[in-house]
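Both complexes below contain chain A, partnered by chain B and then by chain C.
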Partner chain A sequence: MMELINVSKRFIARREDLLALSGINMRVGDGEFVCVVGPSGCGKSTIIRIINDIIKPSSGRVVVDGFTYEKNAPIPHKLIRRMGFIFQIPNLYPWLTVRENIRLPLDIFGLRGQKWMNHADFLIEKAGLSSCADQYPGSLSQGMSQRAGVVRAMVHKPDILLMDEPFGALDERTRERMDFELLDIWRENGMSVVFITHNIGEAVLLAQRIYIMATAPGRIIDTLRVDLKKRDMSSFEDARFEEYSSRINNAIGNILLEKAV
Partner chain B sequence: MNKRDAFAQKVPSLGNMVDLPVENIMAPVLKRAWMKKFLYPMILSGCLVALWQWCVNFFQLPGTVMPGPLSVVRALRTNFGNIILPDLLFTLKIIAAGYAISILTGFLLAALCSQSKWLSRSIAPIAVMFMVMPTIILIPIFMVFLGFSPIVRVIVVSLQCAPIIMLNTLAGFTAMEPSHLEMLSAHGCSKWQIFTKYTFFNAMPRIFTGLKLGCIISIIAALGSDFAMGKTGLGYRIKISSSMVALDMVFATIIVAALLGIIMFEAVSFIEKRVIVWR
Partner chain C sequence: MEKTADEARTRLYLRDAFRHIAAQAALPVIALALWHVSVTWFDVPEWQIPSPPAIIKAMGADFRAILPHLITTYGNVLVGFTMAAAIGIALAIAIYFNASVGIAVTPFINLMCIMPLITLVPLLMLWLGFGSKAKLVAVVIQSFPIINLNALSAFAGVNPLRLELMESMKATKYQKMRCCILPDSLPGIFTGVKLAAVLALTAEVTSEITGGNAGLGARIIQYTQYMKMPQAFACVFYIAAFGLIFYQSLSFIERKLTKNY
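After this line comes the complex of A and B, so read on.
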């Protein structure tokens, strides 16, 4: 169980301070798939960076399975080991081959031995990266690079997956395919997922629960529980899919309208 | 049938090549990377040497004004073993010692400066000062303490070479991609892990730029210090031959010094290609 309790984040700049997040309360159950949607600049990415302790909150705290961390209390190392982070860009290091990039978290966490190497190779094969595993990332397509980024985040068997618009740079078709592959992985492994996106359709397709955010300051304006019969290509035809999408659209639209008035 | 077609018919193997542009005829040769790199400069150098010899012959220039390339080669052959080689070996030792010290101090200072902005702001301007300062003005100061010892020349080479290696290495250590760093932060990496897994490799291209520039600077500094205080070394040989109006010997020594520079630069480039394999 993961909880954000009254989390705020203020970025201190030279000219003026920016309140990026205000009073964020969020809960992610074990094995739950949660999406955070909202317009650009609403602080979605800041939320998962706070969860991973890349950014410290200005106030409030994060509680994961009884471990609490906040502004002056860093995340316990064993908790970081349980998290996998997938970035908007693949972030592969050009001097490491795809295989070496994927094995990097094992090296960082000191997970040595043939068992882990075999696990990495198994994931590489499963992701269809075997043919390019010994190439440098420079020769890979964007889709393949992102796939390698996803595999790298999962190689140390995390049970919390934090995803920051991972498929945002991909074309519509590739993104759909990656979304379905991600659902398969999630069903198999049962990990908790926090998925950041500004694509409403993608959020409805993937999530069990959606947090809708608004800007200035970044805050949660609504929470939506998604209950689709199936999560596959037929989901797009489901009447409820349309209903959820328009509800999110309206929530974000109303806020933008209020701001304009 | 014109002459060209007739020739092509007579020599069928050459017939196909007659119509080909020069680039295509050379294609099999140019496929080899080293040929691509060296063929054109060699052709140009050959042309310039031929022009040089022609000018000397045509204007009947005496050897004391401008020796021809043939007399330079003769001087090189006659004097290489007994005069130029000992000078070359001496200068080479000075360069090797100065360059090695520069690498060590350059890396160490860059590593220290990358950890502290205050240190970087204090040391970088001094490094720039030593880099742009002419070698010759430093020599009298060291000679007061160390006399004609070769150590003076090693110090001069190090003082000129280390700053350029340090500044390039520092630029490499500090030019970091925030998203790449974030990736390591997400895994809770320590400062040491960040350095060994990211900073060092990320800085590699800039480190090698510094090492290559260091080669050039170290040769200039070594020859400059030979000029100013030496009784041996390539710089001294150029100075003494010039004062004896033995211009063929001056040119022969300059050619050896230039070749030494090219070999050092290419050696570092060769290592760079083997190390930075991902580019």
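After this line comes the complex of A and C, so read on.
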């Protein structure tokens, strides 16, 4: 289980400091799919960077399976190995082939041997990337590149996936397809997922729990448990889908309205 | 059908290559033609300005006399440049691993960039003699700072998102350098390397002109003193040809190494 307890982040700048996150309390259960939704600039991405220890919190702490890391405490390597980070853009290295990009975490985490190479090849085939595995990322479509980015984050068998608006740059149809593929992967592997998005429909479709955020400072204004009968194309017809979407819309809308007044 | 497409592609490639070469050769050919017409028309004596055919003839006829000097100049430039590239890049990597090294050596590197080489050459010759040693040191002093500064600036300008991928896996400094920083910096490093190629040749010829009997620079001085202008110009042409081929070869290697960027 993963918990963020009273996490705040203040970015120190030359002219003025920016309080990006204030008093964030969040819980992600084992195998749970959690979405964080909110307008641009509310600190959604900062949250998963704090979980992944890319950014240190200014105060508060993160607890993963009983291990605590905070402002000055280094995170153990084995905990990082349990996480996979997926970026907003595919972020593939252009000097490596798709296969080499996907194998990169194995190199970094020191996972050598044929077993791991075979596992990478298995994921490449499963993701439909076999035909372009030995090409360079420049020749891939945006969708295929992002697919490779997802596979790369999973190659070292993490049990926590941190996804920073991974399908935000894709067209509507490709994004929908990728969402359903992600749900299949999640069901199969039972990983915990923290998925950042500003797309309310996407959050309702994917998440079991949604944290709704507001800006200035970035904070959680509401939490929503999502209980859809099914998570497939028929979900869009589900009355509760609409109900959840409007609840999130209203929560974000009310805050924006308050700010305007 | 496929063969026809291949043939069409080859034809297009050849046509583009021919256009490229023709466009690049046009200006030098026109310049040489104008030069030839001018010296013939105005009846300029050969000891003042020889005509291009006289120079080309001297390049062939005096080749055996020029050859040892040609080997000295080309050899010193290649050896000195290779040493400069190795020192410049190795020092940049050392500075990346230990900032104190950077604080200590950067003022000296900046000084070497600013200091006109011509002021150092007589001193180098006093200490190291008129042989190749002083010239090699001059080439290294002149060309390694520019490689070092460009490498450092390329390291500092690495794409932050690519670096963040390394951070997300808690890669070690060595892994970051090997997998991300060095490959990402390759275009920047090559900017310095190509500039250094020009500076290395300038340093070598300047040193040869300043003192000693070996090298094309020294031959230019001797031929000029004996009014053997076609031979002096032949040496200039050999220097120019080497500089051009050297620079183009480095550009070619750069294009090959960074073709997927």
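Going forward, the second predicted complex is superposed on the first by the 261 of 261 C-alpha atoms of A that agree within 3 Å, B and C clash if a C-alpha of one lies under 4 Å from a C-alpha of the other, contacts with A are read in each partner's own complex, and residues count from 1 in each chain.
By definition in this document, contacts are C-beta pairs under 8 Å (C-beta built on N, C-alpha and C of every residue); 3 or more make two chains touch, one makes a residue touch a chain.
Fair warning: this is a prediction, and the values are worked out from it, not measured in the lab.
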item	value
When chain B and chain C are modelled together on chain A, clash or fit	clash
Which of chain B and chain C A:77 touches, first, second, both or neither	both
First (chain B), second (chain C), both or neither touched by A:94	both
Which superposed partner A:57 touches (first chain B, second chain C, both, neither)	neither
Contacts of A:38 with chain B and chain C, given as first, second, both or neither	neither
Partner chain(s) touched by A:143 [first = chain B, second = chain C, both, neither]	neither
Contacts on chain A seen with chain B and repeated with chain C across the two complexes	52-54, 75, 77, 80, 83, 85, 87, 89, 91, 93-95, 104-105, 107-109, 136, 138
Sites on chain A touched by chain B in the complex	49, 52-54, 75, 77, 80-81, 83, 85, 87, 89, 91, 93-95, 104-105, 107-109, 136, 138
Complex contacts: residues of chain A adjacent to chain C	52-54, 75, 77, 80, 83, 85, 87, 89, 91, 93-95, 104-105, 107-109, 136-138
Complex interface listing, chain C residues touching chain A	161-162, 164-171, 175, 179-180, 183-184, 186, 258, 260-261
Of all residues in chain B, those that touch chain A in their complex	179-180, 182-189, 193, 197-198, 201-202, 204, 276-279
